[in-house]
Amino acid sequence: MSAGPTSFCGIELAHPIINASGTFDAIAARRAFGDAVVERFPFSAYVSKTITPAPRAGNPPPRLWEEPAAMVNSIGLPNKGAEGFLSTDLPALADLPVPLIVSVMATSAEEFSGLVEAVSARDEVAAIELNVSCPNVHSGLIVGEQPSETEALLEALRPLTAKPLIVKLTPNVAAPASVAAGAEAGGADAVSLINTLKARPMFAGKPWLGAGSGGLSGPAVRAVALQQVSDVAAAVSIPIAGMGGVESGSHARDLLDVGAEVVAVGTASFRDPLAAERILIELRGLDPVAASSATSEL
Amino acid sequence: MAASAQGETGADGRVLAPLGRRRSAVVANSPSGGYTLLTALDPDGPLPKAGQFYMLAAEHGWGGGGGRPFLPRAFSVADATAGETGVRLTFVLEDVGPGTHELAGLAEGDGLLLTGPLGRPFSPPRDVNPGAAGAILVGGGIGLAPLALLRRDLAARGFPERSLLGFRDEAHSGGLELFRCSELRLASEDGHAGHRGYVTDLLAVMLEGDDAAATAVVYACGPPAMLEAVRALCEECGVAAELALESPMACGYGACFGCAMPLRGGGYMRLCVDGPVVDAGAIETALVEGAGHR
Amino acid sequence: MSAGPTSFCGIELAHPIINASGTFDAIAARRAFGDAVVERFPFSAYVSKTITPAPRAGNPPPRLWEEPAAMVNSIGLPNKGAEGFLSTDLPALADLPVPLIVSVMATSAEEFSGLVEAVSARDEVAAIELNVSCPNVHSGLIVGEQPSETEALLEALRPLTAKPLIVKLTPNVAAPASVAAGAEAGGADAVSLINTLKARPMFAGKPWLGAGSGGLSGPAVRAVALQQVSDVAAAVSIPIAGMGGVESGSHARDLLDVGAEVVAVGTASFRDPLAAERILIELRGLDPVAASSATSEL
Amino acid sequence: MAASAQGETGADGRVLAPLGRRRSAVVANSPSGGYTLLTALDPDGPLPKAGQFYMLAAEHGWGGGGGRPFLPRAFSVADATAGETGVRLTFVLEDVGPGTHELAGLAEGDGLLLTGPLGRPFSPPRDVNPGAAGAILVGGGIGLAPLALLRRDLAARGFPERSLLGFRDEAHSGGLELFRCSELRLASEDGHAGHRGYVTDLLAVMLEGDDAAATAVVYACGPPAMLEAVRALCEECGVAAELALESPMACGYGACFGCAMPLRGGGYMRLCVDGPVVDAGAIETALVEGAGHR
């Protein structure tokens, strides 16, 4: 375990704490907190919220629910679409002092190809994360639920870019390790997990969320994340970005201990925009080497 | 890193928040009618603007017996004064669930974790209506909170203002001490105070004059049904209005996209960064599933 | 939604609250609390801990871990084996004032057949719950992860007994509804869910549990249970025993609202042996009909 | 349904618990050295036997900021006296984690939820060794808790007893007031009190006499390493002993099968119903992964 500089599928990071996709909007945060967000950016890489080929408004409200030690969201990937993102957001994100990872999702290999090519063409982008919880429009199978579909998608995308491709795995399968192995076989450079667990909060006899169902995240899923990261680490040799309920340095260390190379902080940032900074400091405290060498850096 | 009490301001006049969550200490917490007035001393924060809000959590015990509250909760700032030792922030809250219950139980000296001020504040009256000659503040229930600070600001700037506050019943009322020097009219559904009926009845009377559209500006906050009545009334009378809306929020600073508010003409805004104060014309209805208390 | 007498796959129950398998040992509870356990039994049916053909000692300690609003267990199905259970425990359980449901697990269809026949031969038994989170010794596939394996197992067992067969589904699959549909197609009379989510708590750099991994249960999984019960209810017409994190009458009602016929209480009983009694009272309070007619019963 | 203060007893002399969790009220909670003595009034419970334990949870705040503690925690009863208004139960606890931290912070009048008494108590000396002439109580750290009640019982019955208590250091010691009238010898690893070294050094000296095997009976409670030393020593000297063990517990009444303790010869017992007091001969070692504090 190291809390110091880390290399993640070829990207050099100052430390192993990044953000989870969809849980930190650096542009909006700058509206709320000003330039401090750029000056004191708590993550060693910035992962964008997932973008899709066309703009999406997202799901109808309510989109949030609170569970014991957890939350459920059904945001529905609102985004400006690839063009809007690349023309408006990406230039603004280039101000950040860290490498940019762009998360993308599409509903067919063709659409995915277009996205990967467009995003990959931009120098500001260090790597691309593929959010594959989408149905294959031909087979009808959910790509990220099937090792073979995931492998086939990666085989189609791999030749299109020299940039690292990170596959974001869904936790809602019997064997995430098999899907990860499919991703590796298809040429992925890394995998990231876990995404949220499918959940359906009820209120007064009806589903609460506008979309009916959503995804569970936060401390409640932490032990599930450790299981899945551990299983995936045993099955692949590409690096892993581990996440799920990380709230402290020791939680981050646990994920590194089961085989993650970097750790992403998601829900914890909602409670405190600087949660990741605290988590890194705590992680350094647990790592004697980093603790001694890094005192002046932060 | 502490921001000065003046505070940096962003594009739409909002005061920027210091980055990160910080600790403030409760200096007073007392019932006011059916509500609770919670005052904390924020040593490092700036002076907020009326209409802005803070994400609050108790330093200890957040998590409760059942694991909730887990997320922080949003509260409009109802009063704020800068002093030598920091900014005194007052919130008005109604104990309706696990989060407000924990906050209502805090004692002097207890830690209150806060992020803020957040969101878009109320606009100056002449930005809303260039001919504005007087502001009408319309509050429903706990919605009086942001109007209290707005009223104080308008009064301090010598801008004519009148406040109309409505309550369901005596158990669901309080916080009137924050309106002490205001021209104030009350309505209550049970008739325990002022006009028996809705606060929008009072507003309707007030907007009857011919020049309302040219000279009035309405600022409103309250439950969705009341805000919708205000919105419809102002639209009908052609009166400019700003509404302070609510929505479930996880982060308060644009990170989660959870606080979606439907826009007139389609799509959503994020209420925490594009609101909570919105131009009444920006929305088609204030009645949104999950918005507001009850 | 009814909090009153309920019929569940042909078994008449006084109310819809039963226990989750493996979370209440009526015999041990009698050692701790005496006959009050029998006199004031909080469940309308008693589901045994899962038994296997041969005796099992269970997993090495530690077997328990606590997570935020949850626990992880790796008990490992300790039991006396079918013979020991039928000769020693079943007669003692017959004292309980409610129908008995015996949970069974085996590692092949042949072993399952032997268990079902032996258990079914006993008059004390009202129904049999099949815990199918086991690998097929021929195909190597986990039976409960595959709709076809589940269907095949049920087809083999169905002719062996006239008693209701309840299939306990695993939540660690992409589509529990498909597995439930397989169970129904094979002749199951009911399904029960959710079982625990696979989890792997770490402590000081190592897995904490003696067995490495375990299962997450308690309030943290409640919204996941609602999702899965809702999905299964949409896919099958046989009745459902819903469970997962139920701690109050309103949680029980939510499960009934998404399609469960009865609700099982598991982890909550560890915190209070009479949690189920409180949950029933609260549920009755939410159901005006039961509230008025049942005041004198409890 | 309240059990009488006498309490029904089960097969092995255990006092049965009233079914269900009940509320008691804290009547005192104060530091004692590095430990905390928590006393609560249990209006409906029976008098427990020494060696039995209760599952405890604070009525409020269980769940904390991080969602833990979630499960109740097991505590040996250290003192119990029946009075007009109920049974006063005293527990000794060390603040080592979220559960003990919440309990250590309770104030007079706060609610303490409890289930118990649970488990198998210590056996009478002559049931352990028919020739028993004197009992030696050996406690390590917080393990003194169940021995305090046992000592009081033996003394009340006029049975000769001596207590040997060992502590790591001053910060990890306390509760000695519960042994006030005892013949007491202390050991401490840092030498702050009594013999510098382990409590088992004192025990070894005491068991040196030829007749120890015939006349002594040892009762011990403490951390796994200390209990293992006691077990090995008693085995070597042929002295009968009962050990009060610990294990993670979810339920305390046999429901979860979580508290597995390996048996000599294979298999496991459930420590909550087959223990926590066990015959030293029943186990091969007291060193079990996850058992005990640390």
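Each chain gets a letter, A, B, C and D, in the order it is written, and its residues are counted from 1.
We take it that contacts are C-beta pairs under 8 Å (C-beta built on N, C-alpha and C of every residue); 3 or more make two chains touch, one makes a residue touch a chain.
Computed from a prediction, not measured in an experiment: that's the story for all the values here.
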Which pair wins on C-beta contacts, A-D or A-B? A-B
From the centre of chain A, which other chain's Cα mean sits the farthest off? D
CA centroid of chain A to CA centroid of chain D, Å: 48
In whole angstrom, what separates the CA-based centres of chain A and chain B? 34
Whole-Å gap separating chain B and chain D, where each centre is the average of the chain's CA atoms: 55
Where chain B touches two or more other chains at once, the residues are 63, 66-67, 70
By the touch definition above, chain C meets two or more other chains at residues 65, 67-70, 219-220
Sort the chain contact graph into one of these: line, ring, star, complete or other. complete
Complex contact set, residues of chain C against chain A: 1, 65, 67-70, 72, 142, 145, 170, 172-174, 197-202, 205-207, 213, 216, 219-224, 226-228, 230, 245, 253-254, 257-258
Parts of chain C lying in touch with chain D, wherever the complex brings them together: 22-25, 27-29, 31-34, 36-37, 40, 49, 57-71, 73, 75, 78, 208, 210, 218-220, 267, 269-274, 277
What does chain B use to touch chain C in their complex? 63, 66-67
Which part of chain B faces chain A closely enough to touch in the complex? 1, 8, 10-11, 14, 16-21, 57, 63, 66-72, 113, 115, 118-119, 247-262, 266-268, 270, 273, 288-291
In the complex, chain C residues that touch chain B: 68-69, 219-220, 247
